[in-house]
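Chain IDs A, B, C and D follow the sequence of writing; residue 1 opens each chain.
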Amino acid sequence: MPDYSDKVMDHFSNPRNIGEINEPDGLGEVGNPVCGDMMKFTIKVKDNRIEDVKYLTFGCGAAIAVSSMVSEMAKGKTLEEALKISNKQVAEELGGLPGNKMHCSNLGADALHKAIEDYMEKQGVKAESAT
Amino acid sequence: MPDYSDKVMDHFSNPRNIGEINEPDGLGEVGNPVCGDMMKFTIKVKDNRIEDVKYLTFGCGAAIAVSSMVSEMAKGKTLEEALKISNKQVAEELGGLPGNKMHCSNLGADALHKAIEDYMEKQGVKAESAT
Amino acid sequence: MKKINLDNAAASPLEPAVLEAMLPFFTEHFGNPSSGHELGNVPRKALEEARASVARLINAEPREIIFTASASEANNLAIKGLIAANRVKGNHIISSVVEHFSVLNQLKTLEKEGFAVTLLPVDQYGLVNPEQLDQAITDKTILVSIQAANPEIGTIQPLDDLVKVAESKGVPFHTDAAAAVGWTHLDAKKTGVALLSLAGDQFGGPKGSAALYVSKKTRIRPLIEGGIQERGLRAGTENVPILVGLGMAAKLAAETLAERVKKSSILRDQLKESLINNVPYLHLNGHPEQRLPHNLNFSVEFVEGEALLLRLNMAGIYVSSGSSCTSQALKSSHVLSAIGLPPELAQGSLLFTLGRQNSADEIPYITDQLNSVADLLRKMSPLYHQYLKEVQNNA
Amino acid sequence: MKKINLDNAAASPLEPAVLEAMLPFFTEHFGNPSSGHELGNVPRKALEEARASVARLINAEPREIIFTASASEANNLAIKGLIAANRVKGNHIISSVVEHFSVLNQLKTLEKEGFAVTLLPVDQYGLVNPEQLDQAITDKTILVSIQAANPEIGTIQPLDDLVKVAESKGVPFHTDAAAAVGWTHLDAKKTGVALLSLAGDQFGGPKGSAALYVSKKTRIRPLIEGGIQERGLRAGTENVPILVGLGMAAKLAAETLAERVKKSSILRDQLKESLINNVPYLHLNGHPEQRLPHNLNFSVEFVEGEALLLRLNMAGIYVSSGSSCTSQALKSSHVLSAIGLPPELAQGSLLFTLGRQNSADEIPYITDQLNSVADLLRKMSPLYHQYLKEVQNNA
């Protein structure tokens, strides 16, 4: 079994915030089936804060846990704060990820940022990513 | 342990006719320490028969058993009969020898023949070996 | 909780009779078969009995069996050993795209060293075409290496036909039969292979027990040089207890092969039916009939293999997958891509290999669990949601 | 009848703690360390613990330990593997005339393939001279391979000095330490070797358990290619039970090394004294002090080794010999001839290797039996009779 932390297994077993927001304010997608992981994040923004976030994930245990963790970390944060969430932080919050999973499965923050950027673009605002 | 027959082990454990005949009628030596086996046969001849035969052997279990067997086979035989004893016969009498011992250790008949030839030469007689 | 091992090709517990046969050779009969004294006698006899049992299983002569410590080693000895002994005859090797890495990775190295390697393609079921083999052979071809059966999708190659083609052109044939021996009737002599690799741990023997069949006519060079154990073709003190275990497993397999094959095929078919009838979006990989009696390989559409595997693991069901996330090298199965499976189906593949300990009572639980696990993961899959939308739009 | 194993280097029974550690991995913890599900967890952890134990025994890092199935395999992986990775740097290899055949036979093959091989001579005790090594190194030298200790005459090489010479010229050093590890203090890191072979069955571990230390800085190519087990340097499903046994043996050896060495040296010296004082025409082979603590090698003048061995066997005493008749290849020991022993003494050599189960009470019986067996065989030896005549004539 991959060397997953208890926290990873917790998020994998009980992933939070699964789903797709209807008519989202922002949408971000990363990955593809060839590499084995795909994430689709949708967000609802209110007063410059992430009021709601949901995701759909095709991928391994790490990818699912990462998605879940990112959704929890993002919820309620301002967009600027959320843009500062890095893949590294996510891995840390999860109690670490196996070395070989760091690159391919740890894309949750990227997907979130894409969703935020999508929102900002729609708003006509240009933002700099923190990743 | 080498794949020795019971007969080989019997002759190795209780070798017959060990020794060196004093003032022998014939003496035959084969082998050397490099190859691992040496045999020295001495015979006493009376009325064209091998009255007594003794040997000294430096060598492995097979070499000792072969010497012992040859001495038993030769005793009492006429010289012509004794010259017909072949290494192959000796091995057969011993219930076979392991394949890798057939060449280097199975020299007893040769040593016996040399002893007989030595006797014949001393007698001024020329003989043909049966080996 | 139930514990159901459906990953017997990865590992099975030893058959009790096998372990029992091995134990005295760790203690009482600990001797070295090469010893000149009696401590070597029982181990030496046991080793030769084991060799005879393995030979009988594939209809070979005992002296044609060279023990190795793994099928990987057997494959490396076969290919590198034959090539080293036949270098002057040519530089072309033919194999297939669905071989085990212990064949394929050697061939990559050999290519770097100047050998020409042809990897034959396979059809959608994983079958190599004898005609394509025929066309690929040149006068520089010194070896054909094609597996007897694929460990992943279970497909059994038309070995007799393939060997016949090679034989007719005088090219020696190696078959990696690690997945097949113990599960199919394999007759080394009749088939006419020059070299055949087998793995004891695939049919009830211990880890570290394997062998290479080297037909009397075939000359190879050793990979591990040194002492003259294994007729000089594989140096090193013989691992007597493990090889006694191999011998016992081979004996049991030979005695009960027909029965094992039948029993396993029935169970396999029952499991297949149950899964296909109850779990939606399932695709069988490999040949529908010409397959190992203990092998099932499915792709579960829209979901990824490791996630399936982990969820099944939580339910006490142990399987493996060809997804990139479950491979140590993080690449999805080369076999599934060779049969033309699209990436998302390759990522969602599940491999079930049955063993002695499985039984039909397990099927409802397995079916149930796979169904709910797949359902759960599907619901969070972007691919599934996309599919649903497409269906909706088309309606 | 008493049964006294004085041939522990050929084989010893497993230490009970070692077998006990291994057993669960045949049954309960049968899993494959590479598995993606929990059946792989305990085996994987056990494997890595075993690796750490072996590393500790020679002061290495766990990732510097590559498991193999024999010391012969480790030696082949070391030499062929290093050469394959360093071919461009040169074609000259230095070794010694007293190496094990798993080194020497490879070198013969390499010579045929165009490599230049220098085999350094040894002195009467079997020691390689560091100055001669220094002189032998050229700018084409890509490897020096010299054993840590000789398994036959027990001589321990001045490894630190030899490695220093190679290091000063930037040439990687391999040492076959199969006979030494577990019986001498060996510090891979401090010594500075690039590669070191060790054998579990030489210090209480099971057959089939061995390893190659590959220092972090050293690049080698695998001998057995395939999966990425052992960092890609040795493919094949890991033989977990056997390697757990190796780990436990390494752990026990590391914990008790000083005590073992002391106990064995004392026993060895007692046996030596007793034999030399009571059995006439005995010559000690190998270095009088710089030798393995469990090794004694004598030549019994005028008599042949296999005959001695068989007679001792009849008395329940198990030894081995360097005579040509006891070797499977029917050649007398290359080691004994390398130290300049005349053929008749080489033929009459006896090797005693002590083990955990030997004790001082056995010494009187051994002495007695060797004395009477040697006497009996001497009396039928033409060489002895010739010697007696010469003595008579000289008197």
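What we mean here is this: contacts are C-beta pairs under 8 Å (C-beta built on N, C-alpha and C of every residue); 3 or more make two chains touch, one makes a residue touch a chain.
The structure displayed is predicted, hence computed values, not measured ones.
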Check every other chain and keep only those touching both chain B and chain D; list them.
C
Pick the pair with more C-beta contacts: A-C or B-C?
A-C
Using mean CA coordinates as chain centres, what's the gap between chain A and chain C in Å?
40
Using mean C-alpha positions as chain centres, tell me how far chain C is from chain D in Å, no decimals.
35
Distance between the centres, which are taken as Cα means, of chain B and chain A, whole angstrom
92
I'd like to verify one number: the distance from the centre of chain B to the centre of chain C, where each centre is the average of its C-alpha atoms, in whole angstrom.
57
Mark out which residues of chain C touch at least two other chains, giving numbers and ranges.
35-38, 40, 306, 310, 313, 326, 328
Overlap residues in chain A, where contacts from two or more other chains coincide
1-2
Which chain A residues qualify as touching chain C in the complex?
1-2, 12-13, 15, 18-20, 29, 32-40, 56-64, 100-101, 104-105
Which residues of chain C touch chain A once you look at their complex with the stated criterion?
302-307, 310, 313-314, 323-326, 328, 330, 332, 342-344, 347, 379-383, 385
Spell out the part of chain B that touches chain C in their complex, as residue ranges.
1-2
Residues of chain D that touch chain C when the two form their complex:
5, 7, 10-14, 19, 22, 26-28, 30-32, 34-40, 43, 69-73, 75-76, 100-103, 105-106, 109, 201, 206-208, 221, 223-228, 235-242, 306, 309-310, 312-313, 318-321, 326, 328-329
List of chain C residues in touch with chain B within their complex
35-38, 40-41
